Amino acid sequence: MASFSIKNVKYNAYLLTKKSTIEITDRTYLISFQEDLEFSPGQFCMVNVDGAGLTRKPFTLGRIEGTVAISVKIAGKGSEYIVKTSERLNVLAPLGNAFVPENRNGAVVVAPSCLAEGLHLSEHFKIPLFVASKSALSREITSQFELNTVVGNDGYLRLLEELNNSRFDWIFVSGSRIMEELAVRNMPNKLVYVSLNEYMACGIGACKGCAVETMNGIKHACTDGPVFRGDEIWARH
Amino acid sequence: MGKALNLRTPIVIASGPGGFGEYLNVSSVDWSYVGAYTLKTVTLNPKSGNKPPRMYASKEFLINRIGLENPGFDGLRKMVEDGTIDKLASIVPLILSLGGDSFDEYVEITKLCRPFLDKFIAVEYNFSCPNVHHGGLSIMVDREEWRRLLKAIRTETDAFIIAKLGIESGFVEEMARIVSSEGWDGVTVINTIRGLMVNSEGQTVLGGLSGPALYPIALRAVYEVRKALPDIYIIASGGVYAPEQVREMLRFGANAVSVGSALFHDESVLNEMGKEFSR
Amino acid sequence: MGKALNLRTPIVIASGPGGFGEYLNVSSVDWSYVGAYTLKTVTLNPKSGNKPPRMYASKEFLINRIGLENPGFDGLRKMVEDGTIDKLASIVPLILSLGGDSFDEYVEITKLCRPFLDKFIAVEYNFSCPNVHHGGLSIMVDREEWRRLLKAIRTETDAFIIAKLGIESGFVEEMARIVSSEGWDGVTVINTIRGLMVNSEGQTVLGGLSGPALYPIALRAVYEVRKALPDIYIIASGGVYAPEQVREMLRFGANAVSVGSALFHDESVLNEMGKEFSR
Amino acid sequence: MASFSIKNVKYNAYLLTKKSTIEITDRTYLISFQEDLEFSPGQFCMVNVDGAGLTRKPFTLGRIEGTVAISVKIAGKGSEYIVKTSERLNVLAPLGNAFVPENRNGAVVVAPSCLAEGLHLSEHFKIPLFVASKSALSREITSQFELNTVVGNDGYLRLLEELNNSRFDWIFVSGSRIMEELAVRNMPNKLVYVSLNEYMACGIGACKGCAVETMNGIKHACTDGPVFRGDEIWARH
């Protein structure tokens, strides 16, 4: 059973002004902001999408050379609003737990939709970053960042195999559920961390909507996560 | 005139969406604009809730099948003993929400809570959760059994007690008549309506619908209950997202108006709603 | 297995929105794609309906308070005698919808219609019109009286009889169980849900909600009734506007799917819906 | 009681291509179409507004020098769609009854929102047309048509007084409900016809939504109207 103690934290609503929006790859964008806010690697925010959605929408936070950023894949009306609007974004943050690895001998693998988080972790922990993308990244992105990129499903599976046989103690994976499950199943030698994408309404532990079945019972992605040990979510066979 | 709650503003946080007080941690809300905070329904035994996925949303509806995940009476007692309830209540008046899986559980939890009921300004009984297999909705299928339950609870406590009614167990004004005739103080109308949506992964989500589309239905329920019972205390619930809707609910007979899913959109709407009533 | 209607396609025109066949005058519909046309509910005595305004719409809801305006049994008989019914039925199979203001009226009109019931493939009884003061919804408040009525009607006719149920008189699957246990052949779920909207002139419109927002509620009702009663014939009604929704309703247990308010948007959607089922 | 006989008519769905859209006055437009369709003065059509409305929306039809036209005041999302879209309009027509006056000694008064109908009647019956508008008409309109225009409420009341004392046997008025009621009450000497704007869902007599209380009981604006004798709707005192 999940615990019901109320955390002694403050969640703030920020109005964030877009600084730049650049295409990462097909329908996926990196948005940076003018304002600063305090958060730790692995945490996320809930973004109000005005008339484009009934709930705020969760996005992992990133920091790139000091600037706050999120990456957004257009999955529906809400994410489309976030990418297209020129209004300031109303954002509740920081949410969830900081990711605190046991050591710095790790690596990060992200989908383009989680590039901001990936860049942040890589910079913060000084660890390598791999981007697994369905299609090639845009020129703007590759010219701005030095990225190890694999394209397509086969490329991703080969990357997992390599990482499974690598020197790293742990691998942090953030992307789609399928991508994360594949990582856990295909890297049996490694401690794999995953950042879950459960459906969230509140992001602060109130609604109990973001339940995840773990080996240790029901947990909540927003307050117990969003980062979990992969073997807590998927059994390895 | 029936008893009234005398809230500082008629804005109430709905049971469930507000959890066990988590929104008090959100700095953008001025709690002096909120009249009361209803905690999520507590049942005798803890519940871990339904399997995921538990939620989905369309443009006008949110569907949830949380399944009354809650820490049970023991969890609630712990929150009382460790001072959490007092701390919350020092910021905003609290309404306790209780539920059960059977006649006996409703009565039992009422008895158990008696020692600390004075920490709450009212107790709302959830007779209308669509997401549990026993209790909730099904307790109302047998009208006579339900009436006996209302009587039994009324006998157990002098607290301000409110029955939360959905629209599917029978005409809501008829249900409210029964509640009133058993000496209860108020009703909350409505709860979520049972719905089914298939999510983008093709999974069937059977749950309760909340959100904007409920509003005209809830407004009508308030109107009908007020017409039937001029004196009962009414908390309106369903699809309230804007200050005009608060006013309209009050105009058609509500004494207080509860805000649920709208918190997920932007909890600071509470400030806008409460401002005009604040003294 | 229960009896079935064997429609040429599972697309049915809902009672009310289609009036008394007026859509047959619209040239854009290919009626071979439509399985049946339900006429507007007829009551023993003619009704002139409610005072205007009778309608209003939001983005997701249409609200109506027509009040069962209809020509009464005499008007229906005239349509039979002057050949109108035969003419309509030669284009598309007809379902008759009957209503009443009391126990006796339901029984009486059934008796009166008996001589020409063979012109209709089924008779739907409207037990759920929210817009009349007697009859409709209120007939169901007294569960035992309603059960006696179901029995009485069943005794009067061998026709394929269907009860149209809303979601507000009691859990729809419980109501359907009663219908089935009295030997009826089918249910139509759901009807409009009672709502209240204030129109742009500030008038209060108390009526029944139809349209897109009903869809997840109706889908759930179909699912629940099918789960409870594997053999009953189910016509789904509520918010069906697109072919995918017809398929989804069928997948969750409906035998036929009724189209109401969508006619007001574009009646030619019937062609798209019916096409894939046409042989 | 309204009658329930079903009319022996065909309603057709047309796809109409816009030919021109010109502003008549503030938020009100005259839209003409390339295609022709058959109808009589006084009849209307129901226009599908796609995602902008749950029902088709009623508009009176007009014909100007042979070209089919409607005039549209932006009252909400549906009418806004009609004015702004460049798609063809899906239109059910012709609906309602033709207006057949007893003689040609009449006059027409319309709001700008009914200008197409007004021009049609004026041309068809060779009778004078008066336009009663809240604000001045656009240059484009006044240069194209010779119109007798009165602006503002006072102007309208003066026009009604003049017409009440005029040589005309009847006056046809089409605009808002208030405008029509004022006409009936303020022209007691005349036979006044009004074209009603009831809420309509089907336009063909099926839904019974467009009920009007008349001196002769409930009637339906779509099949018994849309044109009624004013004294059938409003008592004169």
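Read from first to last, the chains carry the letters A, B, C and D; within each, the first residue is number 1.
Note that in this section a contact is a pair of C-beta atoms (placed from the backbone, for glycine too) under 8 Å apart; a residue touches a chain by one contact, two chains touch by 3 or more.
All of these numbers come straight from a predicted model, not from anything done at the bench.
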item: Where chain A and chain B overlap in contact partners, by chain label; value: none
With chain B removed from consideration, the chain sets that still hold together: A | C, D
item: Rounded Å distance between chain C and chain D, as computed from the means of their C-alpha atoms; value: 34
item: Averaged-CA centre spacing for the pair chain C and chain B, given as whole angstrom; value: 34
item: Separation of chain A from chain D, taking each centre as the mean of its C-alpha atoms, in whole Å; value: 58
item: Geometric centre distance via CA averages, chain D-chain B, whole Å; value: 50
item: Multi-chain contact residues (two or more partners), chain B; value: 58-61, 212
item: Contact graph of the chains (line, ring, star, complete, other); value: line
item: Touching pairs - complete list by chain label; value: A-B, B-C, C-D
item: Touch list for chain C against partner chain D, complex; value: 16-28, 40, 46, 48-62, 64, 66, 69-71, 75, 79, 84, 211-212, 261, 263-268
item: Complex contact set, residues of chain D against chain C; value: 1-2, 4-7, 9-13, 48, 53-56, 77, 90, 92, 198-199, 201-202, 204-213, 217-218
item: Complex contacts: residues of chain C adjacent to chain B; value: 58-61, 63, 137, 141, 167-172, 174, 193-198, 206, 209, 212-213, 216-217, 219-221, 223-224, 248, 252
